[in-house]
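Here the structure is laid out as structure tokens; the discussion comes afterwards.
The chains carry the letters A, B, C and D, assigned in the order they are written, with residues numbered from 1 in each.
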Amino acid sequence: MDLKVSDYTTDDDLTVINVEGEIDVYTAPKLREKLIDLVNKGKYHLLVDMEKVEFLDSTGLGVLVGGLKRVRAHDGSLELVCTQERILKIFRITGLTKVFGIFDSVDDAREHRKKQK
Amino acid sequence: MDLKVSDYTTDDDLTVINVEGEIDVYTAPKLREKLIDLVNKGKYHLLVDMEKVEFLDSTGLGVLVGGLKRVRAHDGSLELVCTQERILKIFRITGLTKVFGIFDSVDDAREHRKKQK
Amino acid sequence: MAPQIATVELTFSPLPVHVRTARLVATAVARRGGVEEALLDEVRLAVGEACSRAVEVHQQQCPAEPVRVELRDGADRFEVMVSDRVPNDDPAGEAATEVSPDLAELNGDLNLGFAVIAGLADDVDIASTPAGVEITMSWPVKKD
Amino acid sequence: MAPQIATVELTFSPLPVHVRTARLVATAVARRGGVEEALLDEVRLAVGEACSRAVEVHQQQCPAEPVRVELRDGADRFEVMVSDRVPNDDPAGEAATEVSPDLAELNGDLNLGFAVIAGLADDVDIASTPAGVEITMSWPVKKD
């Protein structure tokens, strides 16, 4: 199962990254490139939609953490959309649920973002 | 994928054996037992419906050939229903298309049987 | 052809259930190695036949020894070698016998397995070494 | 516990793509060995993590050596051992470090892989031998 990564930016300047497939040691570099690319283009508010992710390992986690560090350097944010228990479990095991904002939907994340402004 | 084997006998005394799943070195003994069991019960006209067979190897072929030998010993018959190209190919490669009557459907096989009587 | 390295090797106790594992692995590695979808069915079946045969001879002669499958993902061929540890077998001789559809012949051991391998693999080599029998099969690869 | 035999062994060149093969094989053998469906996700992930780690150290230190995965289908446990050929590593020490959610700590190497393994495998043992590092994990089996 290969990894598909696409993105779009909303009018409130949030860049939503849709990830589909398996994020593992084989495919994580692709996601990493996408995140680096977006930051280089000045997109510092990222929301990674994980709803279509079928598998996630620590390499994938590492890439998300790396992305977070990058956007933080620009006072940005990297948050996640994830409701899948098997994926959430991996964030929980590694303590990363406390590091990432995790939302039930893209709309929830945008709502939250508006309130914080 | 395990193998499911079930059977019923029509009023024209044909016993239809429905086989579902993979017939290979691991599961073929199950089909073999069913054929032996039917012959022991006096069922000498067998029609094996292969439409739901997902995989067939030479062990499975061997079991069908073994069944054919058994019913022939009682002037019986063992025929097949198979339209799947990937399964037919295996009969063709081994020359067994010339040994088994192969039909497109259970009805076709019954029709053929009536004409021969 | 350039020397090929064994990228994945599987060894397993000679039990029918592990033939399924071997089929699964061979198909997955072949797919990733660039073997066309249309050929994967052939890989699955031919590797299964070679492994079934090896399991059978091991069960008879050396049930404690594992069967070995080597998958080599070469530049232009995907190669599979299945080796058993039972020498003095005569698989090539058997394989040479054409399968006859004559029912009279079905009394003997038909070696349908070899017929299937020969019919499916693009290229087959059966070698009888002092250690045992090695069946090597290969298929073309489309690299992108 | 009774001595267990290695029923299936997989060795592969240290490439990320083969970690996928290892996950596939481990999950298939675990399923057939009687590991409950609910636990298979954990097997898949933990084996993947151990193999990813081994691939990484091999790529750095011995890219020509294969990584080995042994799957032992025991009477009451399904056991997986992943071994690399890179000694003098200190995986146990690293593993002992608790993963802290403090962002300040994310600058260092988090060893998220070990955190995942430790969190998922029912029983984990990490041994540093002169030959390399062996990570052994196991899960309960329900035999019918």
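We take it that a contact is a pair of C-beta atoms (placed from the backbone, for glycine too) under 8 Å apart; a residue touches a chain by one contact, two chains touch by 3 or more.
All of these numbers come straight from a predicted model, not from anything done at the bench.
S.K.: For subunit A and subunit C, what is the smallest step count along a path of chains that touch one another?
M.R.: Between subunit A and subunit C, the shortest chain-hopping route counts 2.
S.K.: If we define chain centres by averaging CA atoms, which chain lands farthest from subunit C? Would you check?
M.R.: The most distant chain relative to subunit C turns out to be A.
S.K.: Roughly how far is subunit B from subunit D, centre to centre by C-alpha average, rounded to an integer in Å?
M.R.: 44
S.K.: What is the distance, in whole Å, between the centres of subunit A and subunit D, each centre taken as the mean of its C-alpha atoms?
M.R.: The computed centroid separation for subunit A versus subunit D comes out at 26 Å.
S.K.: Where the CA atoms of subunit A average out and where those of subunit B average out, how many Å apart are those spots?
M.R.: That gives a centre separation of 54 Å.
S.K.: Going through subunit A residue by residue, note those that touch at least 2 other chains and give them in order.
M.R.: If we look for residues of subunit A contacting two or more partner chains, we find none.
S.K.: Specify, in ascending order, the residues of subunit C that touch 2 or more different other chains.
M.R.: 17, 20
S.K.: So, with touch as defined above, which chain pairs make the list?
M.R.: A-D, B-C, C-D
S.K.: Would you mind writing out the residues of subunit D in touch with subunit A in their complex?
M.R.: Residues of subunit D touching subunit A: 16-17, 19-20, 41, 44-45, 48-49, 52, 55-56, 99-101, 103, 106-107, 110, 112-113, 115-116, 119-120.
S.K.: Can you check the complex and tell me which residues of subunit A touch subunit D?
M.R.: 22, 24-26, 55, 57-59, 61-62, 65, 68-69, 72, 86, 90, 93-99
S.K.: Contact residues on subunit D for subunit C in the complex?
M.R.: On the subunit D side, the touching residues are 5-13, 15, 17-18, 20-21, 24-25, 28-29, 32, 66.
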